[in-house]
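What follows are several structures.
What follows is chain A paired twice: with chain B in the first complex and chain C in the second.
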Partner chain A sequence: MRNTILYCLGAAVILLLVRDINLIAGFPEEKSQGAIFKIIFFHVPLAITAMLCSMVSLVASVMFLKTKNFRYDALAVAITEVGLAFLLGNLVTGSIWARVIWGVWWVWDVRLTSALVCWLLYAGYLMLRRAIEEPTQRATFAAAFSIFAFIDWPIVYLSIRLFRTQHPGPVFLSSQGSFPHDWTMAIFGPFGVLMAMMMLATVMTFVRLGQEDSKRELDSLRRMAHAM
Partner chain B sequence: MTFLSNTLLLAQVSAEDVAREIARLQRNYAFLSYGLCAAWIILVGYVLMMVGRERSLKREIANLKAMLEEKHK
Partner chain C sequence: MTAFFRQALVITFKDLRAEIRTKEAVNASFAFALVILVIFSFAFDPSEDTTRDMSGGLLWIVFAFAGTLLLNRSFARELPNDTLDALIAAPISGAALFFGKAVANYFLLLAVELVSLPVFGIFYNVHWTSQFWELMLVLALGTWGLTLIGTFCSALTVNIRLREVMLPMLTYPALVPVLMASMVLTMSLVAGKPIGEETIPWLKILVGFDIVFTAASLTLVEIVLVG
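What follows is the complex of A and B.
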């Protein structure tokens, strides 16, 4: 049953993305940037999905510390790994856009640097988990680290609002920028790219959660084999 | 009037300008496609990594179960 739901969700994601890519291809080019501007339709949803993954990871980590239930730990690790893939996509698409518009692949601007630090922190979270053998200790340390790592997200979000950065200022949810309504809907609408990305992240997280269950089963089998 | 101003504007554009603009547009499209390909390659790569991990976990579980059954016999 769970697999059927996941397959259906996966198929819905593919349909949504095909629809959105068709829609975005039909949009006119932006006046000053040209075609490369259209990368924003993927760059922004990738970032928002990564941020939502980190939020869920934060909640799951807090819940683990409170209840010591390993289901929360499994959710935290699964969704952190998925969020890391989305954040990497965001960094790479942004870098490619920067190469065309700024003429360089990377600048040590507050937004870019804080996003990179965020990626490194969550990569460190996964490395920390590999370094600790004992499950309870691993889950506790990882939960504490995940809560600490989330502190970077408000810095990433506010960097373009508080500092003068090379990264463009906010165009959504801000009085500074104006984005055409149909373009905004292509990202934030009910059938927009953001919805597709969130559904994709959900499918990936459930698959990854299944793997955590398998890992637990494998650990118990190993213990049994060792005891024999 | 518009026709006249457009004609005058076009008269100022050299063949080099047109070639430069075409090259800029092509470069823009090329980088847009690189960006989209990179994003999908990362996500598809991650999915493939998960598929590989799933297979190896299942194989290990099956091997251990078989080993435990052998020992029980």
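What follows is the complex of A and C.
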């Protein structure tokens, strides 16, 4: 039953993305930036989905610390991994955009830098998990660090923004104000790219959750075998 | 409330006494700071004006790296002879234990920094005494931020594999606001400009970070230490 739902959701994601890509390909090109501007249709939803994933991770971590239910720990690790993948997509699309527009693969502007630091924080979370063998300790420490990372991340964004407004950097998205309505709907609408990304994140998280369930089962079987 | 501070102070004095008797961590930390200062001189020409302009930033890289050495030992020194178990079993809250260690680390790191500062001034030909008290304020606030995160991550990583590798990996991304604010403020102060309109927001970020993370660490450390 669960697998059927996941397959249907996955099929819906593919259909949505095909529909959206066709729609986006049909939009006229942006005046000063050309075709590359259309990367925004993927760049922004990737970022928003990654931020949502980090919020869910916070909630899951807090719930684990309160209830000690390992399902919350499994949710935390699954959603963090998925969020990390989407954030990497955000960084890569941003990098490609920068290369075409500004001629360099990387610029230390506000959003790219704070996204990178956020990525490093959550990569540290995953590395911490790998370094701890014992499941309860791993889940507890990871939850504590996840809360820490979430608290830090707005301060990181604020300080990088302050840094970058004082050191003038490249101006981008200057055409942000004049976004046509149907373009906005292509991202934020009910059949938009953001919806497709969120559904994709959900599918990936559930697949990963299934893996965590199997892993816990294997761990307990292994322990039983050792005990006998 | 006073019991909390009294308990924390007992831990602080214990740690400081142990460190002052052996001086191993501060010596290693200071030696490391010297080595980094020397190595940076190869990366950037110390006689250039541009190097002098950014030397305030370099200083905080030195403090961050040397500090990690010190902070790593903070909980790691309790592993032999199971003294960590004894401390956790003691009738004090995990927060008091953490706060005591954080304060001890703070003073040790501050000592290393204050000794490195004149050396830095000599090597890079920087007049760091021009805005002395403001620089001391930045040092005090930035070091507290460094110490907080470092001690928390030290508690987190004390019992895990690859502790020495994990501590920097976890600490530095979390320290980005502190390091950034301290670097900007130090660069401006060392260049002779007092804290003014442009740099006040950074001071606010430093203070804000210290307050938020003092509260967060004291709340979460109990979970990390006791489980």
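Note that the second predicted complex is superposed on the first by the 204 of 228 C-alpha atoms of A that agree within 3 Å, B and C clash if a C-alpha of one lies under 4 Å from a C-alpha of the other, contacts with A are read in each partner's own complex, and residues count from 1 in each chain.
Everything below uses one rule, namely that contacts are C-beta pairs under 8 Å (C-beta built on N, C-alpha and C of every residue); 3 or more make two chains touch, one makes a residue touch a chain.
No experiment lies behind these values; they were computed from the predicted model shown.
Chemist: Which of the two partners, first being chain B and second being chain C, lies in contact with A:11: first, second, both, or neither?
Modeler: A:11 sits against neither chain B nor chain C.
Chemist: Return first, second, both or neither, reflecting whether A:104 touches chain B, chain C, both chains, or no partner chain.
Modeler: neither
Chemist: Tell me the contact category for A:147 with respect to chain B and chain C: first, second, both or neither.
Modeler: Second partner only, chain C.
Chemist: According to the stated criteria, A:126 is in contact with first (chain B), second (chain C), both, or neither; which is it?
Modeler: In the superposition, A:126 touches no partner, neither chain B nor chain C.
Chemist: With both complexes overlaid on chain A, does A:36 touch chain B (first), chain C (second), both or neither?
Modeler: first
Chemist: After superposition on the shared chain, which partner residues are touched by A:222: those of chain B (first), chain C (second), both, or neither?
Modeler: first
Chemist: Which chain A residues are contacted by chain C in one complex and by chain B in the other?
Modeler: The overlap between the chain B and chain C interfaces on chain A is empty, containing no residue.
Chemist: Looking at the complex, which residues from chain B come into contact with chain A?
Modeler: 24-25, 27-29, 31-32, 34-36, 38-39, 42-43, 46-47, 50, 53-54, 57-58, 60-61, 64-65, 67-68, 71
Chemist: Provide the residue numbers of chain C that touch chain A in the complex, in ascending order.
Modeler: 152, 156-157, 159-162, 166, 169-170, 172-174, 176-177, 180-181, 184, 198, 201-202, 205, 208-209, 212-213, 216, 220, 223-224, 227
Chemist: Per the contact definition, I'd like the list of chain A residues that touch chain C in the complex.
Modeler: Listed in rising order, the residues of chain A that touch chain C are 65, 117, 120-121, 124, 127-128, 131-133, 136-137, 140-141, 143-145, 147-149, 151-152, 155-156, 158-160, 162-163, 166.
Chemist: Give the list of chain A residues in touch with chain B in this complex.
Modeler: Contact set of chain A toward chain B: 33-36, 38-39, 42-43, 46, 82, 85-86, 88-89, 92-93, 96-97, 99-100, 200, 204, 207-208, 210-211, 214-215, 217-218, 221-222, 224-225, 228.
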